[in-house]
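Each of the next two complexes has chain A plus one other chain: chain B in the first, chain C in the second.
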Partner chain A sequence: MISPNDWKQQALNQQHTRLPWLHNAASQSAFAAAELPTRKTERWKYSPITALLQQDYLARSASATADETCARARLADLSNASRIVLVNGVLNRALSDFSDLENQGVITLFSMSNPEQRELVNQHLGTACNHSQHLFAAFNDSMLNEGLLIHAPAMQKLAQPVYLVYLGAPQAEPALAQSRVLLVAEPGAELQLVEHFDSCGSQANLFHNHVTEIVLQPNARLRHIRVQVEDEALVHINGLHIQQARDTHYEQHGIAFGSQLKRNDVNVTFTGENAHCEINGVFLSKHRQHIDNHLNLEHAKPHCTSNTSFKGFVTDESRAVFNGRIHIHKDAQKTEAHLNNKNLLLSKKAELNTKPELEIYADDVKCSHGASIGQLDEKSLFYFQSRGIDKASAEAMLCLGFVNEKVEQIPSPAIQQLVADRLAAFFNDVDKLKSLWGM
Partner chain B sequence: MSKGNEIDDLISREYEAGFVTQVESDTLPPGLNEDVIRIISGKKNEPEWMLEWRLQAYRQWQQMEIPQWAHMKHPEVDFNSISYYSSPKKNGPKSLDEVDPEILATFEKLGIPLHERGKLAGVAVDAVFDSVSIATTYKEELAKAGVIFCPISEAIQNHPELIQKYLGSVVPQKDNFYAALNSAVFSDGSFVYIPKNTRCPMELSTYFRINELNTGQFERTLIVADEGSYVSYLEGCTAPMRDENQLHAAVVELVALGDAQIKYSTVQNWYPGDAEGKGGIYNFVTKRGLCAGANSKISWTQVETGSAITWKYPSVVLRGDNSVGEFYSVALTNNFQKADTGTKMIHLGKNTRSTIVSKGISAGRSENVYRGLVRISPRADGARNYTQCDSLLIGDKCGAHTFPYIENRNSDSILEHEATTSKVSDDQLFLCRQRGIDEEKAVSMIVNGFCKEVFKELPMEFAVEAGKLLEVSLEGAVG
Partner chain C sequence: MLIVKDLVAEVDGKTILNGISLTVNPGEVHAIMGPNGSGKSTLANVLAGRDGYEVKSGSVLYKGHDLLELEPEERAREGVFLAFQYPVEIPGVSNMQFLKASVDAVRKHRNQPELDSPAFMKLAREKCKSLSLNPDFLKRGVNEGFSGGEKKRNEILQMALLEPSLCLLDETDSGLDIDALQVAAEGVNALRDGQRSFILVTHYQRLLNYIVPDYVHVLSAGKIVKSGGRELALELEAKGYSWIQ
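Then we have the complex of A and B:
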């Protein structure tokens, strides 16, 4: 067990690795000033970071070699997409295929960027993400030595989706993998981004700290799919920070499995009027997994709308957290914001903490939130059984139906297929659901 | 009338209970130390164990820090500038005839006549003036039914066994900063005991009045409903208009044994401060009920219209199997008022049920917060919770917030939470006006409709008062 102070000192010692041409180093001071969260830190109330301190993850960077056959088997069949595969945070060219967009200057590694691109990075990095509020994002930024810039040019619709794969490979000793993405969509740009977090083999020795920043300039549109189906031994902290200018449109579909410690922060800030944000997600946890979803919507401008819907599936001895906050600033009139979180809690020893929050400082708004926690509906089970389907299968089908409502909304058949396969594997060792998948 | 004017009208509404009563009083000098506690205890002629209990609380309080987590900022309370005991000089009246006529007139003016002929029909009242209980009506009738209803200081003398058993059993001395302070210095309050299988023959009520300058009011209420009994209890409060903030830190403990029911209703109308946010009461209250036995029920209903800052969470610990907890609340804030209120429902027993209905209305520059916790423990099989929090905003300078914590550790339970925030809709107003109802009346109707679910839980006398309070508050308010 490493003490929080030692952990922080270790992290501070690595700040010199930050790319020298990166300007804004506010993250370094923000990180230096921050304290590691404890149970008394409101934002981490239900998620102790003990797992993070149990091993000396900061001792070394994770090696970037992965078994190629295994890695290829993980990839979704997105034939027309530009594929970028990062193994433990490091680009793997053999597995990737994005030369088109690389040549066009749409996708660039920070380390290979030209002066114009560097200026773009310096202009936007850390603007969507408030480092003083997000300790692990500040940590990520404070020692940033590589990143990925996605620069969608103005008034263009990118025909092929950008498919980012973050692959974890097994490590002999505890190690740290960091990754960072900055997406800047210029005015009127339109694209689709798929983020796929996966692993080859056990991740018992890995701590993955990831940040994606998205800057949508006026009229830009982004469709974002996030699939987090890594090995359950992983410690993963993920920050997604989105800034939406006027008339932008952001749509997200996500699925996340639990792991030893998984934390997902999603932060949306409206900086212009008439922007719309739609977030759909489902999280699942089993065994002794832990998953924490923190969502924050900053309605800072009038006439914006947001719609957030999350489902949770929690079983065995796992613990899940959902915290969804809608913050309507003063003068953000005519805002319409809705958020809901529906959960299935299936086991006696599982735990679920949900907290939908509304913080409203403008009067001409329509806001609502809802949360529910329940079990499988007795009447539906009876309906199945009365038609000759045994109870176990009925339960399994109802669970799958519950989760599938969100999966079916994913706007990509290839990803839907990938998720369906992973769900089958996930459900296969949940006692109640074996009958359907344990074939 | 233009919108702006109407909102101004609302903001400039008068506080009707803001007068000061001129009575000579016996007030301790400001400041707090162990000697002050000994003096308070001495004045009440308390037994040694009670003094010890207070001192223990005081020592714990000294170790504690002022809570900072609330969604509000206010000037720090200087605990050494407050006087912890104040009573009218002519203390200890044996009967109503001996009570200072000035004080009787005060309560009369507040609509709480204590005289035999003017008594509220069917409601027994305990009137508390600053730190002491002035009079309790209908004592004889209640005694006939075996019901004990008296100032808590009297109960400490006459029923020490009950006090020792139940005082602090629901809200321990060190529960929180203000509860610890209250445990150390509480001066009076009401004590109620309903014997087994008894239905209290009338509504019980306590009326609190802060009068003296620079005092804090620290009352303590303890209600014990023995097996199979029923009681309905009402609480009301007012204070004079002053520029200084005054502290009110009460503790209310309810204990419902098997099959017992307690219904606790509050209409809180402490002085809210003036239009500039100057003055007003800091209302930092700990209220908690324990459903100790099976099939017991505790129901809180509150209408919060007063106080500069309200900070209270009437809670229910559902320990008995099949026990029921309810919380119905209307909180109205105006000007610079801040209300942070809600409830905690702690489900421990099997098949426990709780219902939460909270309605917040914010106007002016006020802040209105619902903060609640629903916790289902691992052995609370079959637990059920339903929560609904709605907020109504009037004017664009106020805030309405909802912070519900839902913690579930049992897979045999169902929880639902819903919340909405909106303003009085133009469509609703249009519909009313189309039918010949003027705007002012329409808003009042809409707000009353908005609160109806809660008002219907109030006892008759209070429902009328609460309706009137809201109507006055919203005169001329058109969102």
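Then we have the complex of A and C:
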């Protein structure tokens, strides 16, 4: 095992590959200044990063070749979408199909950007993220040699969704894959973004460090679907940082499977009044997986509303964390913010830590937060049994039903179908349900 | 069909059924009436096999076999059906999935061929129509956001699809307006075929205007204190339960 300090030094030594025109120097020093999380770091208390230190992931960059048949089989049937497929963080043109939007200048790689786009990147990259708190985002910045810019033009509604697929391909030796997305929606722009994280084969040798930044300018609207259904051996640290200007509307629907170590940070900052944010998610962990969901909503301006609702399904010997924080600043009067987290904890050996947090400094707000941890409802089980369904199948159906409630809200039939298929495979392999599933 | 003999049952250490005996022959409709807390719903739940109801003594023979030996799902497959007083809401599982899983399980047990999805869909839609239920509600979560009337009609729908031999209706009339009551009753009456037996648990004789029973039993403090014909219900309605206690 590598010591945390050696890891940091090794990470710092990798900086030279950064894109030269990025004059975002703060992030380098920020990374140098940021401390690696330990057990004493509150934000990482329940998620030791030992998995990350056990292998020499930083020794090399992951190779970008994937088995094409496998890769194609992973894709959702989003026929009208502009599809961008990254294999271990690197764009794969053969699997992608986004020439329309590329030609219009809506989507571009950082390395192929024109001066105007570079200016846009320099203007916004890293602004939605507080690097001192997000070490891995700072690390991502520090060696940024490529990224994807999505630039939604003002007052336009993009007819086709932007479908980003992050595919992990198996590696012979431990390797690092980094990816970076910056989405800037100009005033009045409207679009749908689908982020789909998936794998072809075992990810035992992969560390994926991803950051998506979203900047919504006044009146912009974004519908965001996030699907994380990767192989369970993966180490994946994911930061999503959203800035909402006045009158913006952001809506997210997500599903995430656990893995060896999975960390999802979602950070929303309201920079203008009258903006609305809606986040709906479900996370599932089984076997010895680990998943950590950290949400932080910065209500810095008045008259904004947010609604956050997460469900967790935790079983076998897995561990899951949910931390949802609503921070209402002093001037953020007339804020309305609600957050809840409902969990199903099915096994005695599984662990769940949930912490909804409200921090309020304004005096005229409407807020609620809550969390619950439960088991399968006896009444519901009996209802199934009284209809001839055996207890084991009833349990399996109730588990799926618990998760499905969130899946049904995903505003895309194609993604719902993809998720349904992955869920069937997920449940099929839950130790506790193993003998029961298979309807 | 069903022979209950000296049945004593407890819930949380408290005796609720205190020696009930009841014989139901094929095709008969028995109404169980009685004041709150007399054990009516407990009887229905014990027969369906709900956890938490402990049978201390007595016996229940169903079609000649010991019913109490069976798991709830086995009872259901053998033809015992309980229409719930408070049907459970199960978001995330569609009514269609639930009904199909249920019918599949029961048909498999009875060595009947499994219905394929289109055939099942057709059957379910037909039954919906006869119960004045919008077929759209097959797509919704089980009982999720259903009105009281819809929930009860959903119970009757399940009953119609599962074709049980013994139907236990636990206060199917509670929470129903007159129109919904009539529809539910018609659904039940349509299932009366001279072979299928019914036990109706109810507070009010109102339901019995629509589903006419062969026998009426009055339950009090866990015992049947009076049995009679249809006219007993009317007498109860006029005089109240205190008359019998």
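Keep in mind that, in the parts below, the second predicted complex is superposed on the first by the 431 of 439 C-alpha atoms of A that agree within 3 Å, B and C clash if a C-alpha of one lies under 4 Å from a C-alpha of the other, contacts with A are read in each partner's own complex, and residues count from 1 in each chain.
The working rule: a contact is a pair of C-beta atoms (placed from the backbone, for glycine too) under 8 Å apart; a residue touches a chain by one contact, two chains touch by 3 or more.
Quantities reported herein were computed from a predicted structural model and do not represent experimental measurements.
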First, second, both or neither for A:317, with chain B first and chain C second: neither
Which superposed partner A:373 touches (first chain B, second chain C, both, neither): first
Which partner reaches more residues of chain A (counting touched residues only), chain B or chain C: B
Chain B versus chain C as contact partner of A:355, first or second or both or neither: first
Which superposed partner A:278 touches (first chain B, second chain C, both, neither): neither
Contacts of A:365 with chain B and chain C, given as first, second, both or neither: first
Which of chain B and chain C A:400 touches, first, second, both or neither: second
Which superposed partner A:408 touches (first chain B, second chain C, both, neither): second
First (chain B), second (chain C), both or neither touched by A:102: neither
Partner chain(s) touched by A:386 [first = chain B, second = chain C, both, neither]: second
Footprint overlap on chain A, comparing chain B with chain C: none
Residues of chain B defined as touching chain A within the complex: 69, 378, 391, 393-423, 479
Chain A residues within the chain C interface of the complex: 377-380, 382-391, 393, 397-398, 400-405, 407-408, 439
Residues on chain A engaged by chain B in the complex (per definition of touch): 42, 330-331, 333, 345-375
In the complex with chain A, residue positions of chain C that touch it: 48-51, 71-73, 75-77, 81-82, 84, 87-88, 90-93, 97-98, 101-102, 105-106, 109, 141, 158, 162
